[in-house]
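Chains: A, B, C, D and E, in written order; residue numbering restarts at 1 for each.
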Amino acid sequence: MIAEHLPILQVVLPLLAAPVCIFLRNPRAAGALAVLTSWSALGIALSLLREVMSTGVVSYAIGDWAPPIGIEYRVDIVNAWVLVIVATIGAVVTPYAITSVESEVDRKRIPLFYAAYLLCLTGLLGITITGDVFNVFVFLEISSLSAYALIAMGQRRRALTAAFRYLIMGSVGATFIVIGIGLLYVMTGTLNMADLAALLPEVWDSRTVKVAYGFLGVGMCLKLALFPLHLWLPNAYAFAPSAVTAFMASTATKVAVYMLLRLFLSIFGRHFSFEVMGLDLILLPLALVAIVSMSLVAIFQVDVKRLLAYSSVAQIGYMILGLSFASVTGLTATLLHLFNHALMKGALFMALGCVVYRIGSVHIDAMVGLGKRMPYTMAAFVVGGLSLVGVPLTVGFVSKWYLILGALEKGGLWMGVAAIVLVTSVMALVYVWRVVEVAYLRDFAGDERVREAPWSLLVPTWALVLANLYFGIDAVRISAVARGAAEALMIGIGS
Amino acid sequence: MTASTLLLLSLAVPAAGAAVILLLRYNPNAREAASLVTAGALFTIVLRIYLAVSVGDRPALVLAEPIPGIPIALEAEPLGVLFALVASFLWIVTTMYSIGYMRGHPLRPEIRDVMATLGIDRDREKRQARFYLFFAFAIAAVMGVAFAGNLFTLFVFYEVLTLTTFPLVTHSRSEAARKAGRVYLGVLFTTSVVFQLLAIVWTYAIAGTLDFQDGGILSGRAAGAVVPVLLGLFVFGIGKAAVMPFHRWLPAAMVAPTPVSALLHAVAVVKAGVFAVLKVTVYIFGIDFIAATGASVWLMWVAAATIILASLVAFTKNNLKVRLAYSTVSQLSYVVLGAMLANQLGVVGGGMHIAMHAFGKITLFFCAGVIIISTNRTEVSQLKGLGRVMPITFGAFFIGALSIVGLPPTGGAWSKWFLGMGSLEAGQIGLVAVLMLSSLLSLVYLMEIPLQGFFGRPRRAPDRDAAGEDDHDHGGDFHTPPRWSMAAIITTAVACVILFLYPEPFYRLMTMVAGP
Amino acid sequence: MREEIVVRVGAKVLTPFIIMFALYVHFHGDYSPGGGFQAGVILAAAFALLALVYGLEAVQRVLPPWFAQMCAGLGVLIYAGVGVVTVLLGHNYLGYGALAHDPEHGQHYGIMAVELGVLVTVFGVMVTVFYLFAGRGTMKP
Amino acid sequence: MLGAAGLALLRIRNLFAVVMLAGIYSLLSAGLFTVMDAVDVAFTEAAVGAGISTVLFLAALALAGHHENKPGHTPLLPMLVVVITGAALVYGTMDMPGFGDPDNPVHHHVADHYLEESPHEIGIPNVVTAVLASYRGYDTMGETTVVFAAAVGVMLLLAGGVRSRGRAGRQAGEEGDG
Amino acid sequence: MSVDLFVSHYNYWVVIFLMMVGFYILISRGNLIKKIVGLNVFQTSVFMLYISMGKITGGTPPILLDDPHGEGEAVGHVLYSNPLPHVLILTAIVVGIATTSVGLALAVRIKEAYGTLEEDEINRVEAQTEAAE
């Protein structure tokens, strides 16, 4: 009986846990509840993925109202995959948060912190799983509102301005999405994704649909921080508490990328996107500029968290680049990179969180000689960094492989695109290696009391680091899922 | 024990050795014994693989499958066995040498200073452990390169080798070492990612596979301008082959401790590069395909230019290790040239040169290291007259130099002979001239050292009396070379001569690769 | 404290009416415009008015902040809980048909329950937010 | 009138006046909603836009001061963005079905079902409530959660006094873990 | 542009004008509170767009006039406006106030931390802090 309700439990479980966190009032108890919830969410996500892989699309009619009358949860291989990504990161970051948050957030606020954290998780899972476009907006706001508050919890006052900027840009994005949804609704009279996909071809020619397409695109790109709409991201990631950065960096933008794929490929369809709207031609230059310019900017950062934040904008460029190939291989690269980037950025930001825990700063000058002082933390950073660069035997390589393969399959001038991808991975090496060099090849000069981070931080960090390695060595399964998802997206929602 | 298990062991043994070293990091004797035992075990394993391969067996093994259809697979074929034999044997010798070099010398303040500048910090045992540790890892990576069953596996271990040698290059953590590390990683990584990886993915896009196959996988699938461009991407992308203009990392890596320079930057790492070039030409393109398309002609001249230019640069370098490094750059392009000739003789010559140059060059580096720790002298111009103080060292240097130049009675003569014949067969008379000119150049810049050593007039005479064999306490600036190190030097020098008399195993392996 | 007796009495008199009106809005939402949300807002407004007139502390004695916070969470639990109950009764999530034998009655009960949830949360949240904004000023003059 | 209110909002730099105007703007729009048959929405907009948010704004102004500086930089880029966005929207409305036309697709499909079936399926006359609480009850649950999330956010931000900054506490507390 | 088009669409265009006024306030003003006001105006105008969509000329509010338990025949005769946009906007209004309250809370905190609500001044203070680091 439970099995058939898994889709709804996926979202409702963390939603129910959030108010309970407040009632608990005890930081440790709230933390324990959050851990329990996030692990259950992961279990549910995994079983959903298994179910979808074996039996195909799972549809869940909320309130017993058959879609399109009611709201439908619709799980196919694509969003099952994204659910697993979000839930995995949630399950790893939550235990990490317990120790990390204690050092960065007021004790009194910790239960509230977990409530906001769980709401954020709820929102992201809800966006991913739903089959109704307006429901997307609602859950988008749940995740965004809690994210603004979480980011503002950073220790420095700049966290506040970062959160405010995120709030303004995020709300503009959300409003654009609402406008887009409204325009779609006025043309079709429905809000259900599958229904929209079926009805839209009749009204493709109308300018309204094209404008709706534009508004949804801009709104989503604001949320996923595609260059040049990324301005909110670097400071938000740099000044948020460590656990929040690790969580947001690995999930929020991923979910937005998923929504972009869902909207443009499943609902509007590949034909409309690529042949009518020329999506590939719009995204390609944006993605390339994002990758190159943001990698360049990252090289000159002195705050390592901000460095990685700029790197995130560049990495989002890779995901969008894969989409702009308009091919199954390109999309496979995008979907794989969703997962892989979550793993690597999660590991990196968690490693930085360990550093913050011990020395309170991630300024590059503060990290001098840490390789000896915090060997496990810095080793985690190195492996995560190598993965970010795309060194073989790490997950980063796998997505890069598909990206280059996708470019080469298209031949001709796309060679240049492949070359840019490769050159920028060298740039990634430069900004990662700056940190590595400082940490390993210089002598520590800070406080003698600084030592390795506690196990409660190291274990979750290393869990992600090992995942980086494991899936880099045995990527057959995840590649198969990603390819299946890519094919599903290219066919459309009807399959 | 099946042959494929042996393949696995060839990777596992050095890795396990590294683990043991890590465990024993506070006990120098046990730690070094472990290194030596591991090296011996590895050589035995490779020898057994050789025995299997020499009778036509091709053991293979799949380790993992990172990307569907592209596994990490091992396969022993003759060229790889040749490389593995050389590398694993020289590991034993280098370990012996390192023991002497790193610790077998009486500790004096001024020597410690010298050693510190060379990256050896005797006060911190952990740092030495780190040295042996990454050394063992690097050897494991070398074995992976040698036995790679497909291009992807080759690439993987190639990159692992770069990363595991980085800590060795930057061992001293001085500003110079940091700079060298940046150059090292920058050049090797950039070339391998920007050119080599592009070439690999491109190959995959064309051929649909990356397996090494006799006769290549591209013939019949690629045509036109793609072939020379792709081949060029490979040759330049394999930065470890140090084809100009991507050779800068090799002299830079000379800041590493001498054993590292000796084994890795004269033998394993650079040889991994030229080995990869040979592998690609033989098993990805196929020499017949290259010869038919003429794709490699432009690269022959690139290699030729590197040979000459690097020799000329070597002339100008006064620092002993840097001169040897440029000599290596030059010699590496011999192998590249052999591959680019794309005929049977060229490939045989190139393959044999991997082995012959390895023995010759490691001898030279060993000698250089002993000279450095015994006399605190690093510049060529400081060595006048030292041969009379250190006759064995300079004698060995002489033999090694002969082998590099390619004169009998040393092994180097054979590989140069085959390369020359290959050039003739390819109809490239100009290349024959290049080879001869380069031999002449190397004769001059290498022979200068032992000849000055034996016959030159020292600017300031070292204390000859103090150079007695078992004298441990003496003044002056000369100290007895450690015995372990001397044993290593003698071994490799003798090997150079033996290889002239008995090149049979290497020759047979190469004819298995290139056809009789 | 304010001295204007008229205002104080006025507020005192007005408050029950506002509360009544809120309840009317809530329970009559089926037939006319209104529902839990509007009712919650109005109810909260009643307390806001009281706070403006009698001062924050006085109101917080009647309606302590922790209670308002509790309400905020409780409403969500009620709403989501209704869904859980329908699931336990063998229907889909929020399938109110499960709540009674007759689906139409089930719908009635369900809507009533979830509107109550909305009311409680909105009331709690509005009061909490108001307290926080208003309280910020008194604590940090 | 709405337009006038909007433009006035743009010009006026006394934030109290701005907030009051915004409230009036909300009230006016609520009136418009009633004209367009959206009585529920009008009710809510009046309560929220004119009521709650005005109170919140005033409270915030009391805490944060109420004068706005003169805009410093030339607002050319924002103007451009706005003009482009507006032009795109107008362009989009060209193909939109006419205002108030009963044959628009928007009024059929799902909407028909709500109007025709809800008396039987749900049995309450206010179809808006029926849709809100039942057909799309899940959205409303989300909405409740959003409100709750806002409360959590405001509590995180404003509860308690000024937070202790720096890391003085951490080094001291370090002995316990590790 | 035909008169017909104008007559049937002028309502949308007015709404779009209002929307853009709000959007302009939002992105051009440096005062954080004014930004939030702009956001409110922007969103309120979007609500109007939605409600315009739901309006049917001559329709009545979607509160059924007949006894719900009756035959429901009359439904066909009375023209109701579309209830769905109303529902969506109810939700959106609530979301809007939620965003506003969080935004205001942030503004209050920023004022406490920086002593100002003007973006320029905040940027200046931040630049100084960064230079000092």
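Just so it is clear, a contact is a pair of C-beta atoms (placed from the backbone, for glycine too) under 8 Å apart; a residue touches a chain by one contact, two chains touch by 3 or more.
These numbers were taken from a predicted model, which means no experiment stands behind them.
Q: If you check the contacts of chain C and chain E, which chains show up for both?
A: Touching chain C as well as chain E, we find A, D.
Q: In the absence of chain A, which chains stay connected to one another through touching?
A: Excluding chain A but keeping the rest fixed, the chains that touch end up grouped as B | C, D, E.
Q: Quick one: which pair of chains has the most contacts?
A: Comparing chain pairs, contacts are most numerous for D-E.
Q: Suppose chain centres are the mean of their C-alpha atoms. Which chain sits farthest from chain D?
A: That would be chain B.
Q: Which chain is the middle one, judged by CA centres?
A: So the chain nearest the centre of the shown protein is A.
Q: Measuring between Cα centroids, what's the chain most distant from chain C?
A: Using the mean of the C-alpha atoms as each chain's centre, the farthest one from chain C is B.
Q: Per the centroid of Cα atoms for each chain, what is the distance between chain D and chain E, given in Å?
A: Here chain D and chain E have centroids separated by 5 Å.
Q: Need the CA-centroid distance for the pair chain A / chain D, whole Å please.
A: 26
Q: Provide the C-alpha centroid distance between chain B and chain D, rounded to the nearest whole angstrom.
A: Computed from C-alpha means, the inter-chain centre distance equals 69 Å.
Q: Using Cα averages as centroids, what's the distance between chain B and chain C in whole Å?
A: 79
Q: Can you list the chain E residues in contact with two or more other chains?
A: Within chain E, residues 23, 27, 53, 61, 63, 84-85, 88, 90-91, 94-95, 98-99, 101-102, 104-109, 112 contact more than one other chain.
Q: If I count partner chains per residue in chain A, which residues reach a count of at least 2?
A: 15, 18-19, 22, 62-63, 115, 134, 138, 141, 145, 148-149, 152, 157, 179, 185-186, 191
Q: For chain C, what residues touch not just one other chain but two or more?
A: Residues 31-33, 37, 69, 72-73, 76, 80, 83, 93-94, 96, 129, 132-133, 136, 140.
Q: Could you list each pair of chains that touch one another?
A: All chain pairs meeting the touch criterion are A-B, A-C, A-D, A-E, C-D, C-E, D-E.
Q: Per the contact definition, I'd like the list of chain B residues that touch chain A in the complex.
A: Against chain A, chain B makes touches at 64-68, 72, 152, 155-156, 159-160, 163, 167, 170, 173, 177-178, 181-182, 185, 189-190, 193-194, 197-198, 201-202, 204-205.
Q: Would you pull the chain E residues touching chain A in the complex into a rising list?
A: It comes out as residues 23, 26-27, 32, 35, 39, 42-43, 46, 49-50, 53, 84-85, 88, 91-92, 95, 98-99, 102-103, 106-107, 109-110, 113-114, 122, 126, 129, 133.
Q: Sort out for me which residues of chain E touch chain C in the complex.
A: The touching residues are 61, 63, 90, 94, 101, 104-105, 108, 112.
Q: Provide the residue numbers of chain A that touch chain D in the complex, in ascending order.
A: It comes out as residues 15, 18-19, 22, 62-63, 65, 68-71, 99, 103, 106, 108-109, 112-113, 115-116, 119, 122-123, 126, 132, 134-135, 138-139, 141-142, 145-146, 148-150, 152-153, 155-157, 179, 183, 185-191, 199, 203, 206-212, 214-215, 357, 360, 447, 449, 451-454, 456.
Q: So in the complex, which bits of chain D are touching chain A?
A: That would be residues 88-89, 91-97, 104-111, 113-114, 134-139, 142-143, 145-146, 148-150, 152-157, 159-160, 163-167, 170-171, 173-174, 177-178 of chain D.
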